[in-house]
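Presented below are the structures under discussion, each in the form of structure tokens.
Next come two complexes, and both contain chain A; in the first it sits with chain B, in the second with chain C.
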Partner chain A sequence: MIAWDQALAAPRDPAPPLPSDRDALLRGFHPDHAPGAMERLRVGVSAGQPCPAALADLLQSNALVEDVDIAGRAMREAEVLVLGGGGAGCIAALTAARDGARVLLVTKLRMGDGNTVMAEGGIQAAVGAEDSLQRHYEDTLRAGHFRADKALVAAMVRDGPASIRWLIQQGMGFDLEEGEDRIGGHLLRKKPGGATAARLLSFRDYTGLELMRVIREAVLLTPGITVLERHPVVELLTDPHGRCAGAVLLELGRREIVLARAGAVVLATGGAGRLHLNGFPTSNHYGATADGLVLAYRLGAGLREVESFQYHPTGIAWPPHLAGTLISEAARAAGGLLFNGLGQRFVDELAPRDVVAAAILREIAEGRAAAREGCEGVLLDTPGLEAANPGILAKRLVTLSHLAHRAGFDPAREPFLIRPTLHYQNGGIAIDAEGRTAVPGLFCAGEASGGLHGLNRLMGNALLELVAFGRRAGAAAVEAARGDRPRGVGLTHLAAWERGLVAAGLPLDRRAPMVFPPYGNVDLAAMLRQRVAA
Partner chain B sequence: MSLAPGAGLADSGAMPIPIIIDGHAIEAPPGASLIQAWISAGLPLTENVGCMGQGVCGACRVLVRREGERIATAALACETRAEAGMQVAFIDHFPARRPHAYDLAAMGDSWTALGQVDAVFPEAKHCRHCGGCDAACPKGIEVQKAVTLAVEGRALAAGALFDHCVMCNLCVAACPEHIAPAHLGQFLRRMANSLTLRPGDLIERIRQIEDGSQAIDLDSPGAAP
Partner chain C sequence: MMVLTDPALRGLALDGYLASAGHGLRAALRDPGAIIPVIEASGLRGLGGAGFPAHRKWAAVAAAPGPGRWIIANGNEDEPGTFKDRFLLAETPHQVIEGALVAAVAVRAAQVALYVNPRDAATVAGLRDAAAQWAAHPLLAAVSAAVGEAVTLRVVESSGLYIGGEETAAVAAVQGGFPFPSLKPPFPAQHGVHGAPTLVTNVETLAQAGHILEKGADWYRGLGIGDAAGTKLFSLSGDVLRPGLHELPMGTSLRSLVFDHGGGMLGGRGFKAVFTGGPSNTLLTERDLDVAMDFDSLRARGSRLGTGAMIVVGEGTSILRKTAEYVAFFAASSCGQCPPCKVGTFQVARLLERLEAGSGGPGDLEALRNLAALLPGSGRCGLVDGAATVLASSLATFPAEYQRALR
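This part shows the complex of A and B:
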């Protein structure tokens, strides 16, 4: 460990880093491979799959509600029920409503408060003349260590350019190359780490904000969509044949249980960063607690690659009040270099994220990190970036400069101290190309779904996925909802689930979904019990 | 709990900072944001929170009065650090008084688009130039100037001023004329993009996909290790 002053004084040597064995690096230092990090699932359709212990605890727990809790509760009706108000949920809701369905969209916080609005770097779509759908397809598979589902990846990649057109039609802006015309000009493209072509399209370095505010406005103005904010889903509802037919909601304002019945349900509850796996800080929003995974799994939806999480290389290590906050890959895509405390480069900055993160963790583990007020990390050389591209911090990396300002330093003069932060759930609920899960009536899109990224996601593919599959799932849900109104809706699936827990020797009193992280000081189970007692 | 955001702050040994949030007198760890101060005091957090520090979702709106100041200012709790003697109140989100409804897809003729500004946001021309919106904006956006430009028909210039707006809607709450400036901004920006952004490379690639010259070979050599 090298003291901050010393690390700052060490001359930074821009010579390329020595090549290292990527597999050994991942096995030795990536948190997914840490000893004891994984256990095998013991109940449910994906029993036997490896899964981080903290997530397995949630997946293998009992429901928060039982029959008595839902008896006589008010019932809302919709054709399509969308769970989660981030990008994927809002886009599914828009698509379904425009296809003529009556849509109910429910969300835990406010509509838009999720990981989507936080996305900075951009969205991938193969539009460059030298680029092709084939290259985007192969880059995605390779970055994911060939574990992604080929049909899903091909569907996403093929939807790429049309997804960008769709976003522009909703009113979203994209950066054009310097001096290019709004009609006929070329889009500004950057090369994401791990890709072979410049394919990342963006709106400044707050692409997700631009996307989310446009989509939220569209949802608000589209007739046929009812939005319920501060209504987390705490359980799904089924009909007697095991078809998903709605959800149990907790209206936080009045602390009331409300039921929603629908012909089809789209689950879009996003990621799991707030589980803080392996003790890592996270870049994710407050509501990223894996709720959707827990609920869908209990109903019989299969999971895939849930053992794989993305630790973003550049989270803030210092100052502590910003720990875990993301510094976008845009800084490295623009040429920003990483140095250890000795002023040496130690990894190709644009290698895939899992490799860069593992390399940083190696520098920390082997004592070459810099330490500032007790916080350890490596240097992101923003002064070097600014010197090579004068004006870039103020003009192109607005969010980064703003962040440095909040941390109390000038990024043109001082580097950031960074270390990996828990960022993205690579796997999730298994879906097909229409967003169907294994459970009839249940669809899934966005970060909650699995199969598109294998064991590692390329930057910009998450935003593309949520647009492409939000639209696909929304449209497919409308088709599925065109039948009889579900009857006999209830919690019939729970009896078999509890038997499974007992058979596996698992406790019945552990309850999930988590809904709010433990440090949110909310005891949901108690809140629900209180209601029932009253 | 050690995983809590900002948990490391309490260990620094420096003196805790006394503040009042929503009537609770609490001691904030030094350096903590107002959101971190709230949870570290053991208070339940189920609303007025989102991105938790990036300052980008606009959920955690607060009124802050610093010691010795007479006037409270609006801010985002995740971006504002606790200072001794601060008084803080979270601001709830009210639904807008009425939606300013329009249909982008129906706006086929760009010659009539500017006229839509007045049709959808008729209140804008009654701006009193009271500056309430500017004072309310935690992002320093020149809201009043944007409203004036919009009324003059300068749609792109007005929309551009809302470039980094996080849609916290504080300007909406502040405006006595119910102009809903942030939604006006979104209207102008969305209209401009949907009517005038036509990237040539994007259009060419979509044409190639439609004519079949961008087919994907699922089992190409590059699709296997």
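This part shows the complex of A and C:
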């Protein structure tokens, strides 16, 4: 470990790093491969699959509510119920409403409070003349170590150009090439880490925020969508045939249970960063507690690649109060270099994220990291970037500069101290190309779903996924919701689930979903106790 | 305790079945006149739910004059929580047919209809296959000889609806008509299929008959506990650890069924009540845990054994929601002939749904109480009575759950 002053003083050598064996690097230093990090699921349709222990505890838990809790409760009706108010959920809701469905969009926090707004780097789509859908497809599969579902990846990359056109039609802005007129200009394309072509489209370094801005407005202005904010879902409802037919919601304001019945349900509840797997800080928002995974799994939806999480290489290591906050990959895509405490480059900065993250963890483990006030990490050379591209920090990397301001230093003079941060759930609920899960009536889109990214996600594919599959799931849900209103809606699936827990020798008193992280100021257990007493 | 559920009785091959079973039918053929007395001595009751002494029904058909007599083996079974007949028909078709042929010999009926719910296509196909094997077997020729004319064994698919299991509705359906119940009398025993004397009997009752003829009335009586005779298939479901079909001595206590055979309450929840099949009877509660589950003991407690379906409700499950679910089933199952049933079950279901959805008021509760008092006895079959009974019972036993749901 090298003291901060020494690390700053060390001359930074821009010579390319020595190549290293990627597989050995991942096996040795990626947190997914840490000894004891995984256990095997013991109950449910994906029993036998490896899964991080903290997530397995939640997946193999008992429900928060039971039948008596839903008796005599107000029932809201919709044709399509969308769970989650991030990008995927809002786009699914918008698509379903435009297809003529009555849509109820419910969200744990507020609309847009999610990870979509934190997507900084951009969105991938093969729109360049020298690029192709085939290259995008191959890049995605290769980065995911060939574990992604080929049909899903093909669907996503095929939707790429149309998704960008759709976003522009919604009013979203994109960066244009230098010197181009605003009208008729060409989209600025950057080369994302792990890709073979310049394919990353962006809006400054807050692409996701810009996306969410226009989608949120569209949702609010679309008749046929009712939005319920601060209504976390605590259980899914089924009809007697096991079809998903709605959800049990907890209205945080009045602390009451509300039921929503629907012909089809789209689950877009995002990821699990707030589980802080392996003790890592996270870039994720406050609500990323794997609720959707827990509920869908309990109902019989299969999971895939849940053992695989993405640790973003460039999370803030210092100052501690911002630990885990994301620094966009745009900084590296624009040419920002990483140095260890000795002033050496140690990895190709544009290698896939899992490789870069593992390399940083190797530097830390092997004592070549820099340390500032006890926080260890490596240097993201923003001064070097500014020197090579004058003005880039102020114009293109706005969020990064803002972050430095909050941390109390000038990024043009001082580098960031960074280390990997728990960023993305690569796997999730298994879906088909229309967003269908194994449970009839239940659809899934966005980070909660699995199969698009294999064991590692390319930057820019998360935004593309949520647009492509938000639209696919929304449209498919409308189709599924046509027909009779679901009848006999209840919690019939819970008894079988409990019997499964008993048979596997698992405790019955562990309750999930988590809804809020344990260090928050919401005591869900107390809230539910109060509800039972009422 | 395995009489009906003996693994040796399972399978589709008739030769395999007759190698180890079929002794009851052979005994019946040796002495047809002894069948009904043996059934009487055995204490066999109608196991479809009514518990009517089997020998009286059989004797009535045997004594009724007229040609073209019928047996209807009733396997319509559609009520929530009951799944015994589908087991017998799917797993032990020859056991059921043997019993039906014993009855055919006893009442001299040449037309035997296996009247089954078409819900499971594989079961229906299996039964047709089983019937065809019997048609080619010399044992059926012996049955024909005993009856006095050629016995025809046929599979008749029911409408699959609950009401089709009522005996007069079954007769109508076998005749090719709409499965509507009709007023009684006349009873099917005198005036059944095409006006001929007809024995309509649940398949579980028939299945028992073969074993009784084989092993004797005393053996059968001895299987039961106390005064009760034989065994019963209990369809156990709800908040228990191990739901499923349990064949137990008639007269087994509810406590033993739930806590020994059912593995106890799911998740260690408190016991609240049991809806008995199906589910149209007075609720059993904690004070009934030690009551013997047989027709007479439960009737003495103001409830009924019914089909032997026991839907267990624990703390954590709402009686109001369960009652609403079952009344909604009855409302959807009403054939609509009798206005009080058609309108009454619909209104009760609507009021319960309002309460259950949190939009009901005290007036709705009052209306439910009135309907519970008004409706019984107003239909030509028992459907409306069942709906009213389960409503009245849940209102009387769990008033707090209804109060809590009021706006």
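Some observations on this one:
Keep this in mind: the second predicted complex is superposed on the first by the 530 of 534 C-alpha atoms of A that agree within 3 Å, B and C clash if a C-alpha of one lies under 4 Å from a C-alpha of the other, contacts with A are read in each partner's own complex, and residues count from 1 in each chain.
One rule holds in what follows: a contact is a pair of C-beta atoms (placed from the backbone, for glycine too) under 8 Å apart; a residue touches a chain by one contact, two chains touch by 3 or more.
On a predicted model such as this, the values are computed, not experimentally measured, just so you know.
With both structures placed on the common chain, the touch criterion links A:L228 to neither chain B nor chain C.
Look at A:G490: by the touch rule set out above, it reaches chain C but stays clear of chain B. In the superposed pair of complexes, A:V398 makes contact with chain B only, with no contact to chain C. In the superposition on chain A, A:I70 contacts chain C only, with no contact to chain B.
Judged by the touch definition given at the top, the superposed model places A:A525 against neither chain B nor chain C.
In the superposed model, A:L506 lies in contact with neither chain B nor chain C.
After superposition on the shared chain, chain A has more residues touched by B, the comparison being chain B against chain C. Of the two partner chains placed by the overlay, only chain B lies in contact with A:R213; chain C stays clear of it.
Interface of chain C with chain A (complex): residues 238-239, 241-242, 266-268, 315-318, 320-321, 325, 328, 355-360, 401, 404-406.
Of all residues in chain B, only 1-9, 12, 31-33, 36, 39, 42-47, 49-57, 59, 79, 81, 93, 99, 101-105, 163-167, 183, 186-187, 189-194, 196-202, 204-206, 209, 214-220, 222-225 touch chain A in the complex they form. On the chain A side of its complex with chain C, the touching residues are 62, 66-68, 70-75, 259, 487-488, 490, 495, 498-499, 502, 508. If you check the complex, the residues on chain A that touch chain B are 109-110, 112-114, 117-118, 125-129, 132-134, 137-138, 141-142, 146, 150-151, 154, 157-158, 161-162, 164-165, 168-174, 176, 182-187, 204, 206, 208-209, 213-214, 216-218, 220-221, 230, 252, 276, 279, 281, 285-287, 319-326, 373-375, 398-399, 402, 406, 516-522.
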